[in-house]
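Each of the two complexes below includes subunit A, the first together with subunit B, the second together with subunit C.
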Partner chain A sequence: MFQLTLAIITRRLMAAIPTLVLLSLVVFVVLRLLPVDPLATLLPPSATAADSAALRAQLGFDKPIPMQFVIWIWEAVRGNLGNSINFHQPVTTLILAALPATVELAGVGLLMALLISIPGGVLAYVLYQRKREAVADVAVTLLQSVPSFLWALLLIIVFGVLWPVLPFSGRVGQEVTLPAITGLALIDLLLAGRLHDWLSALSHLFLPALSLALSFAPMVIRVLRSGLIDAANEPYVEVARLRGLSETRILWRHMLKNAVLPTITMIGVQFGFLFSGALLVEMIFGFPGVGNLMVQAVKANDMPLIQGIALLFCLLMLTINAIVDVTYVLLNPRLRSP
Partner chain B sequence: MNKTIWTNATRSTEHAQETDLVSLPHDVLRRRLMLGAMSAGIGTLFPWEEAFAQVVDKSTLAIAYPVDMPTWDPCAVSIPTLQCVYQTVFDSPLRYSPNLKLQPRQVKEWKWLDNKATRLEITLRDDILFHDGSRMTMEDVKYSLADRPKADKKLLIGGMLSTLADVEVQSATKGVLVYSRPNPAAPIYLGFLAVYIVPKAYMSQVGVDGFIAKPIGAGPYRMVEHQRGSRIVLEAFDKYWGGAPAIKQVIFEIVPEPSARVALVESGRAGLAVQLPLREVQRLAGKTGITTKIYPYSEVYMLRIPSYVKPFDNEHVRAALHLSIDKAALSKAFYGGVAKPLSVMATEGTPSYVPDFKFPFDKAKAVAELKAAGYSTANPVAITFLSTNGTFPSDFDMARAIVQMWKAVGINATIEETTPAKLTEAAQSGKLTGILLQSWANATGDPENYVGKIFDPRLRFAAWKDMALAPRIDALTTEVDEAKRMAGWKALNVESSEKSWAIPLMQAVTTAAYASMLQPVLFDNGYVLPADYKYK
Partner chain C sequence: MTVADLNTQTGAEQPQRLQLHRLIRQPRVAVGGAILLMMILAALLAPWVAPHDPLEQDLLQMLAPPVWAQGGSATFPLGTDSLGRCVLSRVIYGARVALIVGIMSALGAMLIGSALALIGGYFGGRIDRAISYVVDLWMSFPPVVLSLILLVGVGTGVDKVILAVVLVDWTRFCRVVRADVLITRRRDYVLAARLIGFTHLRTLLREVLPAAVPLIITLFSIEMGVAIIVEATLSFIGLSVPPDVTTWGQMLADARGDIQSALWVMLVPVCAIIVTVLGCNLLGDGLRVALDPRLRLRGE
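And then the complex of A and B:
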């Protein structure tokens, strides 16, 4: 089992290298072909074209694009993604500081989505070919048609303004200082034994994570429901019924385990959706993650930072795909045979 | 608060529980009691005081603000919206008063030593302390204004003080700013963008990166925490030369989304929110406990015209473009009538404003001008109209309205949505494809930063590139007679409007909503400076 897992990870890593290089090249070239001035905010109103040219040369933007790319990729391999034009800091430092917040947000968002979608998917299956099936369909369609940023605004209005029970700005309360251990607030505060502050972090995370979860959950509900419908026609279900097992037991103990496989694939594929959703959600909630950083980078045409974040997203997607592959093997015994 | 919630919950289920408890098996009953106790325990731990944060704490002010600080080196960037935070942490050599009068600050006196305006003597206050307790001296001034920009060309302060050749230190509090050419408007830059004094000793010791990580200024507040993209926490500096500010802690909540800023002030979680949508401000005005302001400030909405694009080289077409715009109607439609229509590139009350000059809205005359250029409604002139969408309030909507006004007289404009960065790139490479809608910020109100920059053909973002204007602008920027300087700028203002080298539309407006208990000071340059605020 361990060898197989290792083999999958190794295979994925090998495949990741050309993907990363290709993506870096595409992002690099596209950013440089866009008719925008990365120095727009770096020069004062009195700057002349000569000043602009001097700064362009200083930052290396005057070199041919292929040469700029070679320099960038060589430095990137050594862990140096360059300096942010806007923030005047190394890109790596900025990304590493913001990444834990996004990982935490996406992780809790995924957890919430599963808490909503697994019972939701089972319920949707239970209602299959019943009178209330249409109601469930409408509800899922309605959930699916609302994007995460709209959920964010709706949740702010409901739980922040009309019934103000949850905070909706920042990562923790104003009086809380996060200990620097892993960067994940929930874990760090728990490790520090600060339960009150931990709840503050959780309460700040609740609405942003729920915004992501509510737009992610409907997809999982649909796939899970289809999986359960397919599983219901499998011979092992009939056998279980003949053995006298209750429908509830068959559903939760046997059908769900098999129906969840395509769901896991879908979650893996769509996990990037959570990260892209985090772009706007983090901005709306003033959540200091990579999405927020990306929005600021795009606004400022901060090319090195945009490139760095694009590379990070690619790495994350490849990692998630590898995790999905491994999970698939763990759950499906048929895949373990050589 | 949590007690009330539990009481209500208990009361509502009291009867049901009484009947159920008897019939429940013992282990189920025990499990429920344990769950209840756990829930109660967790409930007491929950930070309810944060959730119900509407209670006003007069020692703290949370400000919902749209932009974050990219760097804590105040000399590195010249973005106008960041200046209020920099001024709060670093203070400034001079400062503009709420009605845009240049006032002493860290520099208590300034005077020209020669009649060519090349040697400006400044006297520093002798009671200025940096946040680490060290005293500010002229060595810090020299280091910040002259030495650093010479060593690092990327620092924006170098561009703002481009003619500053040296700083001669005469004593700890006295020095001379030496300019390479006459620069009568030099003092205004001591209260403008990127010109801040940083501690030489500290910066030399920790380096720029160390400084950015832990900045030290000499302003009324010191920076205690910055969660990038989320929050900036400032604490009152009790040794500030002007006395400790009334509000002890100021928190800038970074919220780029306007609706979220509205929600923060509406829910009481922020004491002040700025740059809100006009409609939302009008809605909030009806709420108890919230005061709202919609007020004009020193920014100008304008149309800039690329002189090298046809048919903008035709003076009749330009005149028609200008004459056919009903500026008052635009102000009423998009800015509640608060934005004052302008005929020149200066706002009312600033030194180069020309109150007697009014450029008319005259559709008949516009039609006549177009006819002189060979166009009519039957044979309309086609132009491209570049507009941003969301860079300033209602920009794109205003562009669409202007297109309709032009259409009525025989101008067919096609709107092309763009971004400020794209505009800068296109202007710099001389590839602007059409007339462009822009907002021009000038926190000083001085004409050198209005017409002096807008029509300077040598600048990288120039649109109207008439090289004949360069010597005229140079003469005005070096004119030492203040009366002549202003007369010259006013003449350029009027001529540029009459000949429609650019089209001034109206004075920009900004918005604020705040807790009625707060007494903010609203500045004509739109700055948010909490050191001047207090609670009733």
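And then the complex of A and C:
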């Protein structure tokens, strides 16, 4: 089983390499359309044209674009994504420092989304069965109309201003320093046995993760309900009924298992949606993740950083797709024969 | 005369009228349509409806509360923001950008996406594989990340935002419509059209396209909502439009600083965005159900 898993992931990631190169090329070309000079901020106002040309040459911007791309890819393969113009630090350092926060946020967000949408999907299906689907439909459509950054603002209004019970800025309280083990605050603080700080990290994570979850859940609810409706017509449901199993048991133990399969595919496809959401949610909550970094990079026209983060996002998306494929095979015995 | 015309002549006109009737009777279509109509009217009539200029600052009236709250006045029905600008007027003018971006980008994405879907799905083979590959490639980007990169590349402005949304979201149309075209092109009436001697172009436009139209309309409506959210997102970051154009996202960004003292300044644009997007989604959902006989039977 483990070997199979590993084989699938490796195969998928290998197949993704050309995609990754092409995607980087797209980003590279688009960023070269830039109307403003990204180097302007690096030079003092008194700089002459010669200074500018010297800097260009130093950073490699004077070479033809195809050449620049080849150099960039070659360096990227060796783990060097260049230096951020704005932060004066290697792009890889900046990204690696911010990545765990985003992974943690997206992971907890996904978990919360599932906690909301699995009961939600079952409820929507039960309402459908009782011919009350209009209620569920309108509720889901309403939820679907609120993007994650509006959830973020609404949650801040409710839990930060009107009823100030939760923090809405930063990753942990100011007095807490994070131990650097895995970079995931929740795991590191637990490993360090600092329960109080762990609670601080959890409470800081709660609202941003909930914002992501609330905007993601309606999609999952829809697919799950649809999957349950399909499952209801399968012969095994009738068999289970004949065996005398209760409806609740059939629903939760048999139908749900099958309805989860298309849901997992959907989660994989829509994961980019979660990352997109994380961009603004991180910015609003001052959460030091990759999304926040991207917003700052975009505002400062920081080309190497934008390029690096774009590459990272594509890599994450491709990895997630590979993981989804594996989960799919593991959960669906029909696909398991080698 | 097309094969579809033949159907019409044999008395298919009656059901078609019924379908229009059913469309309006679908509560979701009615409510969604009404919301959008209201927003479009507000946007079109903004100079006459709005009580103030959206950029006019009244520094003596900073953060004035809305009319129903204590100390509110009818001069500023929804109060003012931190620069003394009328919130109601700003939200009405904001509808202009939101709807222009919503309609134009949905239109653009629809045209590009559906055209490629028709070509790929109908002809199949190498063209189809090439188009599908580009779609897959495009979809490996988280959508907002791609539009951010595009905006950095092409610069800011309403037209650039529209361009960015079109370039990101045409794939939604392409993928879904292609799947539909793949089924349609195997239908007997498409084969019949080819046998009568229709050119490929004519078959595509007169036989294959009409079958996909309900789906395309539904996607258009939902895409409008997506585009409005993307615009709000981008202008919230401060990338979408120059500061002298009022947008909902900008209002949100401005209101963040006063969240403790003046909640309504934030809540008004939040509600405007949610209601408009809800209108698009309701309309899209309603149309999907009303136009698709299979779903109608299933009651989904």
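By definition in this document, the second predicted complex is superposed on the first by the 326 of 338 C-alpha atoms of A that agree within 3 Å, B and C clash if a C-alpha of one lies under 4 Å from a C-alpha of the other, contacts with A are read in each partner's own complex, and residues count from 1 in each chain.
Definition applied: a residue touches a chain if its C-beta (ideal position, glycine included) is under 8 Å from a C-beta of that chain, and two chains touch if they have at least 3 such contacts.
Computed from a predicted structure; not experimentally measured.
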(Q) In the superposed model built on subunit A, check whether subunit B and subunit C fit or clash. (A) clash
Q: Please work out whether A:S276 is in contact with subunit B alone, subunit C alone, both, or neither, and reply first, second, both or neither.
A: second
Q. Is A:N301 in contact with subunit B, with subunit C, with both, or with neither (first, second, both, neither)?
A. both
Q: Mind working out whether A:G170 is in touch with subunit B, subunit C, both or neither, as first, second, both or neither?
A: first
Q: Once the structures are superposed on A, label A:V30 by its partner contacts, choosing first (subunit B), second (subunit C), both or neither.
A: second
**Q.** Touched partner set for A:A240, first subunit B, second subunit C, both or neither
**A.** neither
(Q) Contacts for A:F287 in the overlay, against subunit B (first) and subunit C (second): which applies, first, second, both or neither? (A) first
Q.
Quick check for you: in the superposed arrangement, does A:H196 touch first (subunit B), second (subunit C), both or neither?
A. first
Q. Of the two partner chains, subunit B (first) and subunit C (second), which one does A:T141 touch, if any: first, second, both, or neither?
A. second
Q | Touched partner set for A:L311, first subunit B, second subunit C, both or neither | A | neither
Q: Can you tell which stretch of subunit C bumps into subunit B once we superpose, 78-86, 132-140, 168-176 or 204-212?
A: 78-86
Q.
On subunit A, which stretch or stretches are contacted by subunit B in one complex as well as by subunit C in the other?
A. 35-36, 153, 156-157, 160-161, 283-284, 295, 301
Q) Can you list the residues on subunit A that touch subunit C in the complex? A) 19, 22-23, 26-27, 30-36, 128, 131, 133-134, 137-138, 141-142, 144-147, 149-150, 153-154, 156-157, 160-162, 226, 229, 269, 272-273, 275-277, 279-280, 283-284, 294-295, 298-299, 301, 306, 309-310, 313-314, 317-318
Q | Interfacial residue positions of subunit A with respect to subunit B in the complex | A | 35-38, 40-49, 51-52, 54-55, 58, 86-89, 94, 97-98, 153, 156-157, 160-161, 164-171, 173-174, 177, 195-196, 199-200, 203, 282-289, 292-293, 295-296, 300-301
Q: Please give the residue numbers of subunit C that touch subunit A in the complex, ascending.
A: 27-28, 136-137, 139-145, 148-155, 225, 229, 232-233, 236-239, 252, 256, 259-260, 263, 266-267, 270, 273-274, 277-278, 280-282, 285, 298-300
Q. How about subunit B: which of its residues touch subunit A in the complex?
A. 42, 45-47, 50-54, 60, 62, 64, 68, 70-71, 73, 76-79, 153-154, 156, 159-160, 162, 193-194, 208-209, 212, 225, 227-231, 233, 251, 253-257, 259-260, 263-264, 266-270, 419-422, 424-426, 428, 449, 453, 458-461
